[in-house]
Amino acid sequence: MNTNKIKHIGVFTSGGDSPGMNAALYAITKCAEVNEIKVSGFRKGYEGLIDGDLIPLKSHDLQKLVHQGGTILKTARSERFMTLQGREKALQTLRKAHVDALIAIGGDGTFKGLLAFSEICDIPFIGIPGTIDNDLAGTDYTLGFDSAVNTAIENIDKIRDTAESHNRVFIVEVMGRDSGYIGIHSGLVVGANGILIPESTQDLHLLLEKVKNYHSEDAFLIVVSEGDETGTDLVASKIKEVNPDIDLRITRLGHVQRGGHPSAFDRMLGIRLGAASIDVLLRGSENVMVGLYNNMICTTPFQNVVKQHHIDEELQDLLKVFGS
Amino acid sequence: MNTNKIKHIGVFTSGGDSPGMNAALYAITKCAEVNEIKVSGFRKGYEGLIDGDLIPLKSHDLQKLVHQGGTILKTARSERFMTLQGREKALQTLRKAHVDALIAIGGDGTFKGLLAFSEICDIPFIGIPGTIDNDLAGTDYTLGFDSAVNTAIENIDKIRDTAESHNRVFIVEVMGRDSGYIGIHSGLVVGANGILIPESTQDLHLLLEKVKNYHSEDAFLIVVSEGDETGTDLVASKIKEVNPDIDLRITRLGHVQRGGHPSAFDRMLGIRLGAASIDVLLRGSENVMVGLYNNMICTTPFQNVVKQHHIDEELQDLLKVFGS
Amino acid sequence: MNTNKIKHIGVFTSGGDSPGMNAALYAITKCAEVNEIKVSGFRKGYEGLIDGDLIPLKSHDLQKLVHQGGTILKTARSERFMTLQGREKALQTLRKAHVDALIAIGGDGTFKGLLAFSEICDIPFIGIPGTIDNDLAGTDYTLGFDSAVNTAIENIDKIRDTAESHNRVFIVEVMGRDSGYIGIHSGLVVGANGILIPESTQDLHLLLEKVKNYHSEDAFLIVVSEGDETGTDLVASKIKEVNPDIDLRITRLGHVQRGGHPSAFDRMLGIRLGAASIDVLLRGSENVMVGLYNNMICTTPFQNVVKQHHIDEELQDLLKVFGS
Amino acid sequence: MNTNKIKHIGVFTSGGDSPGMNAALYAITKCAEVNEIKVSGFRKGYEGLIDGDLIPLKSHDLQKLVHQGGTILKTARSERFMTLQGREKALQTLRKAHVDALIAIGGDGTFKGLLAFSEICDIPFIGIPGTIDNDLAGTDYTLGFDSAVNTAIENIDKIRDTAESHNRVFIVEVMGRDSGYIGIHSGLVVGANGILIPESTQDLHLLLEKVKNYHSEDAFLIVVSEGDETGTDLVASKIKEVNPDIDLRITRLGHVQRGGHPSAFDRMLGIRLGAASIDVLLRGSENVMVGLYNNMICTTPFQNVVKQHHIDEELQDLLKVFGS
């Protein structure tokens, strides 16, 4: 495609929201403006695309919102876009609004949607990885992960205070339905005594050995990913089994990990990836996700952006030494 | 008692820990030192009293710890102190250590223990209200309440980010097993759409009316005290009943509300009540709790320090206008 | 005045901004709506009154902004309102907009302006105390004070980390041009080794005595109010005089103390005073400030709302024991 | 050297403290224990080495302190170690304590000290980069940088609140005596209107052009590195020159940027580099710094660890688009 013809870009956020999305929106809009391109934001992900629910975006307004959590465009999952009928309505919206390119911030599901859409819509699509789970191939970091870990550990630090005051055992469940990145990172950096994640299935036994000999002269913190197959409640009951005297508490941090001001790292990531999305678009790329690999901007075709559950060797070693 | 004879004070924290306890320990020790009194801290509440587990406290060390959550003396509930035998052992500890007065930071259970103890031990006892629940007669504020509310609302603010991004309904359960102070305060100040607390039983009906007409163009936040008789899960199921389309999430904040750096207010309260405990002790008081009433230091006999569930008229009016 | 006739209230924020102002705006609007009164917000304080710069306020929008720092109405100091000509223009604005009553959030200067205005404008005025300095007669707490102290101590806690790592002496200057409330509160609760405030002029001598003997096996923190007459730089040079070996650093916290999310206490204060302003207005009060005295709502005629620099006896005693 | 002979490692922190140092100490100790090596910590950097001021380190104790700012070993700059006599005394300390290897956490000055020391002391030395300035060759990130940026932006976010309420121009000075990494990162992610750093000397002109046309309907934030040659005060006076009507304020964030709980990223970096230091030591490395390059552990000989002021092309481009 002749990228000189790009005069109007549409952008939307899709799937679960994550801190840093507004920073990316700011960067996209600012870099577009520098290239004399106007930007419209579609609200509520694919739903706004289908319903023609769009607003003009100006970098001057977004500049004040870089620090804000969530996404000012709102986000949603869309059943309708999974149907051809829905996608055809979206196509009409784009034509009516004269949108020449589309940038989506979301996860692998979002990009799968774009792939399906590309069968009937031939304008270029660019993706930006936005999910707190950090489990996408094609990037070392996804938008929101660093913020989610920081929120998790601020809360676990608080739990340490009360755990140490009472010599209690705490199980803290963190987010990560399929992946243990939040779990392993937050567990390591709060000095957890045990870390259970879906990618590593042999740790429960070791943990139970340790807990068996625990005689309450200290706090004992266990971080469990919600996706860990054992399940937080089962872990609790097994602990009570091997050491019935333990004063055990469970806290599930839940959706607080999705919100709050993005961390410096996530804001910077949003700005880098937002700027990169315009850059690669203007260089003629399409149907790729921009990402950060070895601290450098890279692109990955949508079809290769799959969920990834690989814990690298260094991290596995750390888990072995510190988490069990 | 001749208070000139007080040369050695024992202090301990008991019951649930709460932010600000270390500030109180600092103030007690500093004010004691000014009066040439030495201070020993008993560890793990009454357990340390029974077992003679005590450490010397110096204001020079505690000064660095005013900002620290939890209690450096640790705390516990003691079955043994509920027996006469346990209390007799505690008496021996005090005699052996030549302790002339005892200051306890805790809740109504702690002070009941002191009352029982006073039958066999004739040194003066002073109490300081330390519980995040803010439900003690004799003081407008208990140590830790302001910090707990601040922790709750920081987390609920984060939940607002994701709730607004998704137009979701969230039920956030806050602490308060018997009392709704944390619930009413945190609910009001996060701009909650509904607040359910144990002291007010008619609000669920109003809430369901509102939720019935909720059509997802905004976040909708409901704050529920864990002690609310309806129960968080039941509230959720009733909401789903009246409006099945709602995208509902539950987060239970849990023990994070007990930890973390104390707020400015709680540190100041700890310092004021800590200083006051030495002051009233040296003026000859005994078996009273020092508290803050209408912004002034006051004392209340232990027998009158009961759990209190009174929501005053002003707060009730606010709840009616803002919380339903 | 027949308060039944109040159908439209104007509100504005004036003077320095302070955290909690948006909470007060929310409460004013919500309580007005309950009474079927509409609310308009004038932007930039008296400037908006003069220029007719007003926007409609809806509680539904403000509910999401309770946690936000600053004031969404913006604020300013107005030279023009000090002239009769300016006030006459403001009067025209109010008449044109059919405003029946006016609520102002600000300091003593703001209320003086209203008194002058009352000579030509006979609708009722109500004031709400909004200033981080906490130095107004007629209320125990002003909006923003608790947040400012919390921001100050979070930063001073960080300074303690580096001060202890280096065994350094730090002078931290906090806000308070004429009053030492932020200084005394923040100094006490960070465990400062010295506290210098304008209301207490003999402390420098004691501080220098202490510093003279300081031999760097610890951090040494000095909190100074910007309004302290000695001046931060002079304090520094005197310290270097009595103990030239000291590794001394100065940090001026500055305007960070004005911003940030309001604390739970300030949000609650904003809601209480906002609700009270509508309440007393509808009961027929005029030209009074609502405040909190001994934890209860009270009103004070504008002419009595002067700057107040009284440190009560309890606080003075604490300062003597802990701050020097 | 035969690394099997390593039975006792000495560790110390040197130069400016930075958040994450305690996490590194925890990891060093834990990994050493796994290899049956004991660890001693020298207090106050090289001073403790000279004076034989050492304490045993146990991972069990350090595990609770991962979240703590500063360094529990304290740090200092040492004049004495710059002399041969000082280094000879340090050598005696190491011999007397039977220390077989030394790990230092600090900056380029620290490593230069080790190089000089290696002339008389033949045990292996390993370095870990600890400085908030992020300006060392051999690693993409230094310990403390991410935390310092997060502290800076949390404070600048607060300043935005008050700046927007007043339509004010703020100059915020951040740390970075020779390097602008904190400046460029924090400036970009707070949505600053201008960013001035030592590595880029042409931006002042552009900034003044922008400020000239600023007519106060918004906040205007300028982030300046303390090392920027123009100097914060000069920037301020030039702004007042081109636009005298501007309501300008200056805030110097100062030493708060050195303290506070380390961010998740810095704790993880501390754990990774701490673990790596033991790993490379046991593999026979000596006189190298472990670092993170392209997200992987790497080592750099001490002589190559110089101060580095290179802003890469991507960052320069971002600065051009967003910072001016």
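Order as written gives the chain letters A, B, C and D; numbering starts at 1 within each chain.
Operating definition for what follows: contacts are C-beta pairs under 8 Å (C-beta built on N, C-alpha and C of every residue); 3 or more make two chains touch, one makes a residue touch a chain.
The model shown is predicted, which means the values in this text are computed figures rather than measured ones.
Under the contact definition stated at the top, no chain borders both chain B and chain C.
Common neighbours of chain A and chain D under the contact definition above are absent.
Mean C-alpha positions place chain A and chain C at a centre distance of 39 Å. Each chain gets a centre from the mean of its Cα atoms; for chain C and chain D, those two points are 36 Å apart. Each of the following residues of chain D touches two or more other chains: 157, 160, 164. Those chain pairs judged to touch are A-B, A-D, B-C, C-D.
Interface residues of chain C, counted against chain B in their complex, comprise 23, 26-27, 30-31, 34, 60, 62-67, 140, 146, 149-150, 153-154, 157, 160, 164, 185-186, 188-191, 193, 218-219, 261, 263-265, 267-268, 271-272, 275, 294-297, 314, 317-318, 321-322. Chain C makes touch with chain D in their complex at residues 13, 17, 19, 44, 68-71, 74-76, 151, 155, 157-167, 170, 249-256, 258-260.
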